[in-house]
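Okay, so subunit A shows up in both of these, paired with subunit B first and subunit C after.
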Partner chain A sequence: MPTLTIDNQQVTVEDGTTVLEAAEQLGIVIPHFCYHKALGAVGACRMCAVTVHEGTFKGLKMSCLIKVEEGMVVTTDDAKSVVFRERVSEWLMLNHPHDCPVCDEGGECQLQEMTIASGHGVRRYEGQKRTYNNQQLGPFIAQEMNRCIQCYRCVRTYKDYCGGKDFGVMGSRNRVFFGRFKDGPLESDFSGNIVDACPTGVFTDKTFRFKSRFWDLQEAPSICPHCSLGCSTVPAGRYGELQRVRSSVNEKVNGFFICDRGRFGSSYANHPERPRQASRGQWKLTRDEALVQLDSKVRELIRQHGPEAVLLLGSNRASLETNWMLQRWAEKIGCRAPLLSAHLPRHLAAQVAAFDLADRLASLEKIRQSDLVVLLGVDPLAEAPMLAVALRQAVKKGGQVLAYDPRSIELPCVFEQQSMSPLQLLELLDQDKSPESGRLLDLLKKAESPVLVPGGDLLGAGGLLRVQKLAVVASNQTRSCLVHPVLAGPNSFGCGLLSLPEQDDLLTQLESGRIKMLVCVETDPLLEAPNGERFAKALSRLEELAVLDYLPTLISAHTKLFIPTSAPVEAAGTFVNNEGRQQLFVPVMEPRLPIAVTGSGSHPPREFLPEAPGSDPRPAWQLLQQLLGEEVELAQLRERMKTAVPRLIDFDKLQPGGVFCRVSDADERSCYADEISAQPAGSLQLVVSPARYGSDLLSRFSEKLKPRFTDACLQLHPQDAAERGLDDGMKVALKTDCGEYYLTLRCVEGVATGCAVVENGPAFPQLVPGGKLGFCQVAAGGRHD
Partner chain B sequence: MPLLRDIKGFFPPFWITLRNMFRKPVTVQYPEQKPELPERYRARLVLTRDPDGEERCVACHLCSGACPVDCISMQAAEADNGRRYAAWFRINFTRCIFCGLCTEACPTLAIQVTSDFELSGRDPLKLVYEKEDLLVDHCGKNVEYSFYRQTGIGVAAPRGGNPNESAPVDVKDLLP
Partner chain C sequence: MAQEEKIDSIGLLDENELAYFVAHANELEHPREMVIDVLRAIQKNHGWVPDEGVELTATILRLEPIEVEEVATFYDKIFRRPVGRYPIHVCDSICCWSNGGQELAEQFKQQLGIEFGQTTEDGLFTLLPSCCLGVCGCAPAVMIHQQHYGPLSREDVGELINRLRREASA
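Presenting the complex of A and B:
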């Protein structure tokens, strides 16, 4: 721990820290461009010059490159360094086009800030400016190469950190160019990060083009609601429109970056068909009227048919507060305990993660540092994209990644894949049944910090319990084998946590006919649970269906009473991510119709109204509070929730935008009884995988992500296809328990033999991932539509 | 001596009154008679055009950022020819204090003050000016400046075609 002096202030820092980082700890900001905490330093921009008076290397040095030494004396504000930095700033500006007024980066541009901080103001150079031609980089990223200062941050982010392959640096001397070899959309699923990484306006968010200036945006720390990882984000809105999302820093979870699904999948909040007013059929209601109707109907039905007649349904899209308030409301009206998920197998998997795995959960940070990560039925790019980037960091540090999966998975790093059908995967986890088990266990025992990453969707609760047993066997006294379960939604873990022990299936309940009324809170069983068609039939037999949601979901068409709620960006709440981290988010903006809609593209309407149009939605927990008749502040609600659910962390200790804490370990265990149905002869195992974009409802309702949606297809191993006399590109019929579907066949080498893989997405929403192990038949023919 | 002082103090006011009786009066008979204001008087704001007749405003939000009373609001958009322009631009003159900070902040010399001070009325909404009320058909005080001819992103002239710019580089060229 060397102690050094910077600008007459002493600081003691860890070995290996650079002078720039040490100065940062003292609150001294040394101007810099190419240094980035996640990417390290390359010394390309020469901006961070300081003078070293005592040390091995004396004189003017780049502070991002020199490591601290005992007794070092450094000044950052001496005349020599200051003049040097001003000259550097001047030469960086030689070719800059000075187009800040029309540049989207203006106002949050590091080049603007550093130029002003360094004191350079008047251009002295009279030579010519270098120019470039731009490239079309697809729907998300706009390029303006004339603004480039050659700090190499984009290529270090895109290629080195995130593992993209189609973007790089070209040219020589002062003609260095950052882009693709030829025009075309950036292929990486993490391409948006170059917008955050670029210190100036070379790469800007095309979906946010010319929308707002940084200083006009309403921003607040939030949690990404698109998958179970819960990355830290900063969404930004203006004039009632959610305009962009940028990544925030949580070193325990996402680090510094986020994926494109989280970044560009935010426009669900501005969906043109988003319901913003309460209604009963055709009739518009005020919020209070709707709540009174809901309350009286619930009470009436319970009085008539008993407590079984009303069923409340929570969701993993809804916050912890909402789900807990739903339980409280059920207690008050005297109906049965609410189901917190329409999708039972996914919910059971979340319960196993929340209880049985609670004492050995690993964060993404642990995965980045791990030397052996084993993926068990997880396709990171589809289910939890930032996991793929974390795996790349592990591999870069010398770690190994093993993937057992029935799908052909891609990762932005070197890894070993073993194609395995879901049944084979379960056998592998049973340890003595598969020859591969021995090898896996050996590797796990030898590794210093192994992490198992099971997919809750593919393995289900039974599989996760097997993973837990494997982790116990692979642990020893010095270190335990950790698990990082990938779950279905942003608050799956939280729902699992709230609802032990018993949970029964919503569909069975509905079909029994005892249920007269269903209240869905921020969930759509037609799209988010298997057997959507059977659900639709069961729903039509209900006497009353009430929906509280912020998306124009399918169930809204069946609903009798609709009450709008606010989207996650418009409400405060808590999500518990897949490793049990209790994360708070705060509202970014008020719910209201965007001015772009009310003014239909032109200026806002010239009228004065007491309330903005479309400002009716309220957070679901607030509506439930109103129903309960106890309207208290959020802090008080959280205090009560903490008392009722002792595993939660004290909310006072958590700060929005911080690293947050994991919920405490569980004493109880889930009581899941495993049953594996036998495979019918001649059938294939059905694997329903989420599509990379549009599988979760939020990204499906995001206009911006549409260019990334893919067509539906059925993937088979070429051998399986040949056995059935099928060719690549043929129309085939897929017969499952849920129905018969007609899809285009694609033969993929990486798919495990004996498996049929379909992707759930906007093009094929009928089958939902995470159902029980299913079997199917694939045959030629079918309709050609 | 107080008496002498009082006598001395008695005559000058009469003298001043007498002297001004034969001067031309400064009072202007407004509104029949319009006052002539200096060129740099700060009153109603306008949006000017560049010498090519295109809108100067690029909706960069610097005026609204500089405005101490938040009376300017706008939305930027992109035209087919790559120009950034204001889809709508609103100045609320009931709130404007005519400080002129917006004109100082404007990097394209689009927003300028004029000496038209006659901004009063009974209906506040009539003082909320939209872009069509603000946009004028001349260059205002500067008849030469065109932002896109100074800044090198290839909008008014092709890329590399503005003064002091070299032609776009060929990045696949290996020559030194």
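Presenting the complex of A and C:
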């Protein structure tokens, strides 16, 4: 731990720290462009010059490249360094346009800041500036190459860090060009990160272009609600509209970047059909009226039919606070404990993660540092995109990635895939039934820091318990084999954690006919649980269906009483991510109808009201508080929740936007008995996978993501297709337990034989991932439509 | 894995060249190292490297087109735009410059009636500035295809141009 002196201040830092990082610890910001914590230093921009007075290399040095030494003396504010940096700034500005007022980056531009900070104010260069033709890079990213200062951050982010293939740097000397071979949409699922990485206005968010200045935006630290990883984000809103999302830093989770689904999938909050007022059928209600009706109806039905008559339903989209308040409300009104998910298999998998795996959970950071990661039934780009980027970092450090999956998986790194049907996967995990098991166990035992990454959707609770057993066997005294379970939603783990051990299936309950009233809190069983059609039938038999939500979901057709809630960006709350990290988010903006809507493109109406239109939605936990008749501050509510659920971390210890902590361990629950039904002759194993975009409801209701939505298809191994006399591109009929569907066939080599793969998404919402292991028949034929 | 499909060289490479490159690409651990060779072969046959040439190179070497383009656009001796039959690289580095390189360039411009970066109307000559050609002993020098010429005087320029014109019409 060397101690050095920077600008007359002493600091002791870790070995291997650079002078730039050491100065940062003292609060001294040395101007820089090419250095980025995740991407490292390349010493290309020459901006971070400092003078080294004592040390091996004396004189003017680039602080991002010089490692600290014991007794080093460095100044950042001496005349030589200051003039050097000013000259560098002037030189970087030679070709840069002087039009900050019309540039979309203005106000949050690192070049602007560094130029002003370095003291360069008057341009001496009078020659011609270098200019470029820009490329059309698709719906998400706008390019203005004239603003480029050649820091190479974009290509280092897109290609080196995230593994994108269709972006690079062309040309030489003052003609270098960062872009694609030809015009066309950027293909990477992490393309948006170049917007954050670019220190100037070359790459900007096209969906946010010329909407707002940075300083006009309302921003707050938040947690991405699009998958179970819980990446840190900073959403930004203005005039009631959620305008953009940028990545935030959580070194234990996403690191510095986020995926395009999280970044461009935010416009669900502005959905034009988003219900913003309470209603009973056609009748508009105030929030208070609706809550009174809800309360009295619940009490009336319990009085008439007993406590079994009312069922409350929480969800993994709803915050921990909401789900917990729902449990408390159930206690108060005396009905049975709420189900915290409409999708029982997914919920059981989450419980295994929250209890049985709790003592061996690994963060994404652990994966980035791991030397062996084994994917078991996980398609990262579809289920947890930033996991794919984490895997790439592991591989870049020399680690190995193995994937066992029935689907044809793509990853932005070198990896070994073994196609395997869901049944074979379970056999692999059973350890004695599959020849591959021995090899896998050997590899795991030899590895220094192995991580198993099971997919909760594909393996189910039974599979996850097998993974736990495998992890125990693969652990030794010096190190534990860790597990990073991929779950369904942003708060799946949280729901699992809160949930009682015995959980009934919602559909079975509804079909029994005993339930007279269902209260759905931020969930739609029609879209988020298997068997949507049976659900629809069961729902129509209810006497009362109350829905509290912020999305215009399908269930609204059956809803009798609707109460609007605020979206995650409009509320404070807690999500517990897939590895048990208890993460807080705070409201970015107030819920209200965007001015873009009220003004329909022109000036908003000149009416003077005490409240903005559409500002009725409240966080669901607040509504439940009102029902419970106890309106306390969030901090107090959280304190009570922490007391009731001891596994939670003290909320005082957590800071929004921080690294957060994992909830404490628990005893194993192992409440799941798994039953595998016999495979009918001639049938295929049905694999329902989420589509990369539009499988989670938030991205499905995000207009911005539409260009990435894909058509529905059925994937078979060419051999299976040939056996059935089917050709690529043919219309085929898929017969499942849930119904018969007509899809276009795609023959894919990477699909495991004996499997039929369909993607759940906007084009095919009928089958939902994560159901029980199912079988299906595929035959030629299709409707004429 | 997709089946090994036969690559169509769309007239940019002949059968033997194509077979040679494909065979070598399969032998090499990093087929990327042949990027320049393939581009040069395409340029020799076609005069310059069109977009299809970049894509063809990428297919042969199992790279992304952008990876080939990065190399193709880095080197000024790989032409990504049409050039005349005789691209003339006039050295503008220190030795040639101190031995009358600028005057030499002026001579070429005058006698061909074009500026740097332009091609004569008959499609024979393209005039290009170049950094050091590595023949400082012959300064001031130019390079046409793989051939160096220098030291060149005012008279030599006319003679060289005429000789190439005669060669072209032969």
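To be clear about the criterion, the second predicted complex is superposed on the first by the 783 of 785 C-alpha atoms of A that agree within 3 Å, B and C clash if a C-alpha of one lies under 4 Å from a C-alpha of the other, contacts with A are read in each partner's own complex, and residues count from 1 in each chain.
One rule holds for everything that comes next: a contact is a pair of C-beta atoms (placed from the backbone, for glycine too) under 8 Å apart; a residue touches a chain by one contact, two chains touch by 3 or more.
The structure displayed is predicted, hence computed values, not measured ones.
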Request  = Figure out whether A:Arg692 sits in contact with subunit B (first) or subunit C (second), or with both, or with neither.
outcome  = neither
Inquiry  = Looking at A:Glu749 after the superposition, I want to know if it touches subunit B, subunit C, both of them or none. Which is it: first, second, both, neither?
reply    = second
Query = So, A:Arg638: does it touch subunit B (first), subunit C (second), both, or neither?
reply = neither
Task = Quick one: classify A:Met170 as touching subunit B (first), subunit C (second), both or neither.
result = both
Remark   = subunit A contact check, subunit B vs subunit C, more residues touched by chain B
Query = If you stack the two complexes on chain A, which partner ends up touching A:His558: first (subunit B), second (subunit C), both, or neither?
reply = neither
Query = Which partner does A:His32 reach: the first (subunit B), the second (subunit C), both, or neither?
reply = neither
Query = Which positions of subunit A sit in both the subunit B and the subunit C interface?
reply = 170-172, 177
Remark   = Residue positions on subunit A within touch of subunit C in the complex are 165-172, 177, 180-182, 749
Ask   = Which part of subunit A faces subunit B closely enough to touch in the complex?
value = 97-102, 106-107, 126-134, 144, 146, 170-173, 175-177, 209-213, 215-216, 239, 595-596, 599, 601-604, 606
Ask   = Which residues, counting only subunit B, touch subunit A once they are in their complex?
value = 58-62, 64-65, 75-78, 84, 87-90, 107-108, 125, 128, 130-131, 147, 150-155, 159-160, 164-174, 176
Request  = Spell out the residues on subunit C that touch subunit A in their complex, using ranges where they run on.
outcome  = 1-2, 51, 54, 64-67, 69-70, 73-76
